[in-house]
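Presented below is the structure to which this report refers.
Letters are used for the chains, namely A, B, C and D, taken in the order the chains are written, and counting of residues starts over at 1 for each.
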Amino acid sequence: MMYLGYSDRVQPMLEKLRRFIDEEIIPNESRYNQELEGNRWSSPPVMQTMQAAAREAGLFNLFLSRDAEPFSQVEYAHLAEQMGRSEIAAEVFNCASPDTGNMAVLAQYGTPDQQKNFLIPLIAGSIKSAFALTEPAVASSDAGNIASMARRDGNGWILEGEKSWVSGAGDPRCGFLVVMCVTDPKAPLDQRQSLLLVPLDTPGVEIRRMISVFGYDDAPQGHAQIRFDKVRLPADALIGRQGQGFEIAQDRLGAGRIHHCMRSIGAAERALELMGQRAQTRYAFGKPLSELGGNVDVIANSRIEIEMSRLMALKAAWRLETAGLQDALIDIAQMKVAVPNMILNVIDRAIQLHGGMGVSEDTPLAKMWAAHRALRLSDGPDEVHREMIARNEFGRKSQSYL
Amino acid sequence: MMYLGYSDRVQPMLEKLRRFIDEEIIPNESRYNQELEGNRWSSPPVMQTMQAAAREAGLFNLFLSRDAEPFSQVEYAHLAEQMGRSEIAAEVFNCASPDTGNMAVLAQYGTPDQQKNFLIPLIAGSIKSAFALTEPAVASSDAGNIASMARRDGNGWILEGEKSWVSGAGDPRCGFLVVMCVTDPKAPLDQRQSLLLVPLDTPGVEIRRMISVFGYDDAPQGHAQIRFDKVRLPADALIGRQGQGFEIAQDRLGAGRIHHCMRSIGAAERALELMGQRAQTRYAFGKPLSELGGNVDVIANSRIEIEMSRLMALKAAWRLETAGLQDALIDIAQMKVAVPNMILNVIDRAIQLHGGMGVSEDTPLAKMWAAHRALRLSDGPDEVHREMIARNEFGRKSQSYL
Amino acid sequence: MMYLGYSDRVQPMLEKLRRFIDEEIIPNESRYNQELEGNRWSSPPVMQTMQAAAREAGLFNLFLSRDAEPFSQVEYAHLAEQMGRSEIAAEVFNCASPDTGNMAVLAQYGTPDQQKNFLIPLIAGSIKSAFALTEPAVASSDAGNIASMARRDGNGWILEGEKSWVSGAGDPRCGFLVVMCVTDPKAPLDQRQSLLLVPLDTPGVEIRRMISVFGYDDAPQGHAQIRFDKVRLPADALIGRQGQGFEIAQDRLGAGRIHHCMRSIGAAERALELMGQRAQTRYAFGKPLSELGGNVDVIANSRIEIEMSRLMALKAAWRLETAGLQDALIDIAQMKVAVPNMILNVIDRAIQLHGGMGVSEDTPLAKMWAAHRALRLSDGPDEVHREMIARNEFGRKSQSYL
Amino acid sequence: MMYLGYSDRVQPMLEKLRRFIDEEIIPNESRYNQELEGNRWSSPPVMQTMQAAAREAGLFNLFLSRDAEPFSQVEYAHLAEQMGRSEIAAEVFNCASPDTGNMAVLAQYGTPDQQKNFLIPLIAGSIKSAFALTEPAVASSDAGNIASMARRDGNGWILEGEKSWVSGAGDPRCGFLVVMCVTDPKAPLDQRQSLLLVPLDTPGVEIRRMISVFGYDDAPQGHAQIRFDKVRLPADALIGRQGQGFEIAQDRLGAGRIHHCMRSIGAAERALELMGQRAQTRYAFGKPLSELGGNVDVIANSRIEIEMSRLMALKAAWRLETAGLQDALIDIAQMKVAVPNMILNVIDRAIQLHGGMGVSEDTPLAKMWAAHRALRLSDGPDEVHREMIARNEFGRKSQSYL
């Protein structure tokens, strides 16, 4: 049976989480932004304060913890939705992307040393991390385009290449990168690549620039373009087996896409909440906006689209949980197309209802829109997912893609 | 927990049903249409043949049977989806609308005599029925607009008024109508109306015309406009209590909307199946359509929209089942807006891919489209449902509507 | 300079035409339909009456007349828009498709005998005509798919093949078909075909069936599927030169697409007019529909879409007039995609605002919708036109298509 | 006759302008942005260089010049389109908004002193200007909401109030503001306001903050929130008559909306150009993007939408020119809804085709999108324009709005 609702275990946690976000995080958003104003590439002090409160409330590390069984995919999806309601919430609970993905990878495939030196500090929140997959100037959704290469150098490796959209690398706390690179250029496409763990301070690792998203630098995490210039790495840099990079990355991205989409749904709930408040309190021509023009339809359609998006993402989570990644790929692809598109509509309508405030820094909406617009491209553009869905419909296998 | 999948009980039934439809019904569609061609207002003989086969296969009366526990809302929703794959399937299983709704009403509210004289023959498939709610020239989604009136006449009633869109009344086997009419003009809106059971051959009941949907007469059931001219009815014509009409109708329409939407999803699956076949077998400019233009996107989007629609309708079924009608009203309203609109897109794209065949009688698509277009108006137009959803969002109560 | 407005010559004609349609045609629509009810495959007598009135008013043969200079493309486009306001108007003025296209072809390419025997009676309104291009079971937008073939037989021809969607062939007054067929199978694609003039009563011409459009038979003209079984034709059956079929057909279809689209705009104006009346006179929940939900937006968007559609079609007409067909092909393709899609939206919204009446025979809207839906497929489906537009954008030549 | 094309006068100017933009401006865009990087709130030196070249080429002051007859509305619309192709082009030709609007106001309504002190330097390009209409925290599209007030103080005025979205006020060259404020609180709505000319360095004028649009500060012009705290102004601050503010502003905004929309069309042409280049040069899975998925449709639809948008805006320009503002209001409203929405679609598709580059600073697309998204709100949100269009359809007058 497909169960998509709240389990007994997750329900009280969800309520606690929601209350914490409403009381401790949303009221601190503007302070976070002010603190960031003066010093963009360091973490605002209020983040520490909020994290301390989250620890105390037993809400730190909801994704992976040393003390408790992990939540199921469906359970965690519900938690991720709540975290999506504030742009800064996931980090407060040490559940921000790409850290959670890296935690999962190191927990499953990491060597004891990798776990000790990188996973444990990551879970402790004392370091942050990044994931380097996309490359500039090629379509990275085609795994065959990846050109960064690591060749054997004695026991170790020499890594050469360039990566872009390395999200999180701007944060001074970022301790390491997980880098996808070719290690066996002649192997079949899905065994050609490996993942290497690269501390950010390794000689030859150069952040060439930070990339903006609709004018936002997304500090302090940011999105880096990074050059790897003859970067020497020890044998222990390899995560999993040589040639296992594609497999691990697919695994990592599968769950990651669900988390992204569930957070999107939380963001859309926030947008709808703001829209409802605005519609009832803003007056023009003597009436509240809720009684003008098609605003009733706009709000109803937004509710409908959020509900459908949530069900679709929960179903993908349920499938991943019960049938495994291969059988969940199409569900995840469907979700990855549908959810960001629907959610962008919701946010866009909220912007419109807020007038000039909507496009400015006076609401979280404009930045929310920019982040979700990027989501239609990151982790595979809509087009690649649609291709995969259609081929499945035709009973044909889809081409290799990440 | 929200469970939307197949129960152990329904799964084997579903497989049997799907096979029966594929093997016994779809291959008979063209024969059904041919038999109908010569004699539009009688049931084609092949319907009897298929019904006999369904009885033998244990598939007759899946909605309500004297021999078995009824399926749950979610279970029946899955069955209804299968039946939606062929326009003529629901009747084969004695599960066509409005008969199922009338069965439910009579089973719950009918007097022993009503059950004996009308429910039992209806379940046996020896008579058919209709439901008369909409009135010409007013917005019937506003319950306050209903003008047909029954006044006391001794122990019995005299019914006056006019109804339109009485679907099923064109069928010669149609034995009775369930008629919504005002019985207490001064009562509060939701207690003003009652339901009366009116045999179609009662003196004063006059079918004034059959209404077409796009160019279809929808024979042999059809949609009748019916005049009630001083129709005398016995005391036993009353279904349920006097003044209970609105309540019973809401109840009836709640589940009915879910059945309609699930059948829509089955129809959309059929459209997508046809689309996929066409895309792979039709060539233009040296390529199959599947490799031309945006057909891959068209097919992928259709799959996505079907999946979302199904989840939304199943959720409404689950809520109705576990929380009751009042708590399910918003879920049902969301479904009632979303599903027909999404499904119309799917069918429309299938039409486009079929070229001229798509708009003609050479595929089931054109008729399917017409029927679903009407569904955006029947059982409440989109606009009324959206209003209800938005008001719920604002925490306000919505106005009374059917 | 691009001039799209009313010339001094056309303005008074337009006013006269509009008044005639409002006063003489629209009030006769229901009578036309009633007369047709009893005898679908003959022209209702009221058509004669209206045509007589049009003759008297000097409005007969606005497309091509023996007495006056033809109107320019832009001028005629404005006239065609008016005629689109009623489904039966174009025929009243002897300006119905496909007759006008056939008139143009015979006037330009016809032999004196063809003109005497077919063009003159066509202009006189004593016969009607049809155009046979599309073939069943292939994508006829790909000219390479046309399989009907005429081979030399002495001085004459023997025609073999099958055509579908031969609109107008159901009318008992239909005197002849213009048939596109292969005459030089080995010639380059654009010189492979010729047009033959085939009287409908020629032995071997068999109407196999009439095809419906969303349930409508479109009587009395209808859409025929016609078999040509060893049809012997005289030498004089050839229109233009052998191998000139593609060129003439393109020419004919170019202007024809503009006329279709301008009539669509007239139909959309009618739909918007009906929508506006309905919105102001129909009440629900105590308010006119115009003050409920998003109806204001619905009406405003419809107005905007009509205005844009008209400008686009007028521009195509202007380009055809001033630059010739080759330079106007892209403008015509743009119009052919944009206008029917926009207009379908307008009609669909009008249907929604009319509730059940909208899908029934109680307004002209449902039939109007069906006809325009077919227009997205006839004269080339949207997809073929979009391909051509995109290739032009890339500076590449598009493939041969009709 | 409606003429929308190129006049003999404008055609050579257009060609010159297009060449200048391609050769002198677009190649300087990145230098402009780099120079701005270090010093956001001053004009980059390359702007001076480009302006000098424009002067030499006879392209400076195409909107209003002391030496030549102004172009007609349609002619200038075509010029404005070209300028829209680069975000920085309009300023190069001294045709940037809001300067052109202020030039028009001062040329028509300015006193000789105002013209000497403000108009002449503005035309010379030695100062810039801004227009202060919108107020924070109210719906400024409802003219009744304007609260900034100027009361008489001897011969002069004392101005109190707060304005937001004062575009251009961040530029150090900004010499003066035109401020809309109430001068006769008890007058009818359309005579309640006046325009005052306020030098930016007047005591009491305080820029409280610069507002961002998505993540862009739009430096060096920016969008200011400005407080007027007991600002004393001389009698000569009044532009036009007391109470004439609404009338002048409507006049100013009418033409301004057309210029904005035509520049949008130029921007969309640039986006489509980039899209076409990308589609042909970027490969994935072994094919150029132009042959993958629905990209052909995406490009064709973009071309169609641009063409329709241009025609609609040109028609509004033609109406304004030939019939005057009152008769052009509905055309302008239609354009103001349709054009930004269509153009946003085009830009969004170009973003999608560019992948990560599309949302970053690596193409002009992301910033272009943000600017056009704001255009759906500035100069009246879509909703207000739609309301006006629908009321016109109903034959009713619309409410006063700016």
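A few notes on this one:
Here is the rule we use: contacts are C-beta pairs under 8 Å (C-beta built on N, C-alpha and C of every residue); 3 or more make two chains touch, one makes a residue touch a chain.
Everything quoted here is computed from the prediction, not taken from an experiment.
Each step here moves to a touching chain, and the least such steps from chain A to chain C number 1.
Centroid distances from chain B, each centroid being the mean of CA atoms, peak for D.
Matching the C-alpha atoms of chain C with those of chain D calls for a turn of 180 degrees, to the nearest 5. Homomeric contact chain B/chain D: same residue numbering on both sides for over half of the interface positions. The distance from the centre of chain A to the centre of chain B, with each centre set as the mean of the Cα atoms, comes to 43 Å.
Centre-to-centre separation of chain B and chain D, using mean CA positions: 53 Å. A straight line joining the Cα centres of chain A and chain D is 37 Å long. Within chain A, residues 293-297, 383, 386-387 each touch two or more of the remaining chains.
Because contacts link each chain to all the remaining chains, their graph is best described as complete.
Contact residues on chain D toward chain B in their complex (touch as defined above): 293-294, 296-298. Interface of chain C with chain D (complex): residues 1-7, 272, 276, 279-280, 290, 295-297, 299-301, 303-304, 307-309, 311-312, 315, 331, 334, 337-338, 383, 385-391, 393-394.
Remark: chain D residues 134, 139, 141-142, 145, 164-165, 211-217, 282-285, 292-295, 351-352, 355-356, 358-362, 366-367, 369-370, 373-374, 376-378, 381-384, 386-387, 399 touch chain A in the complex.
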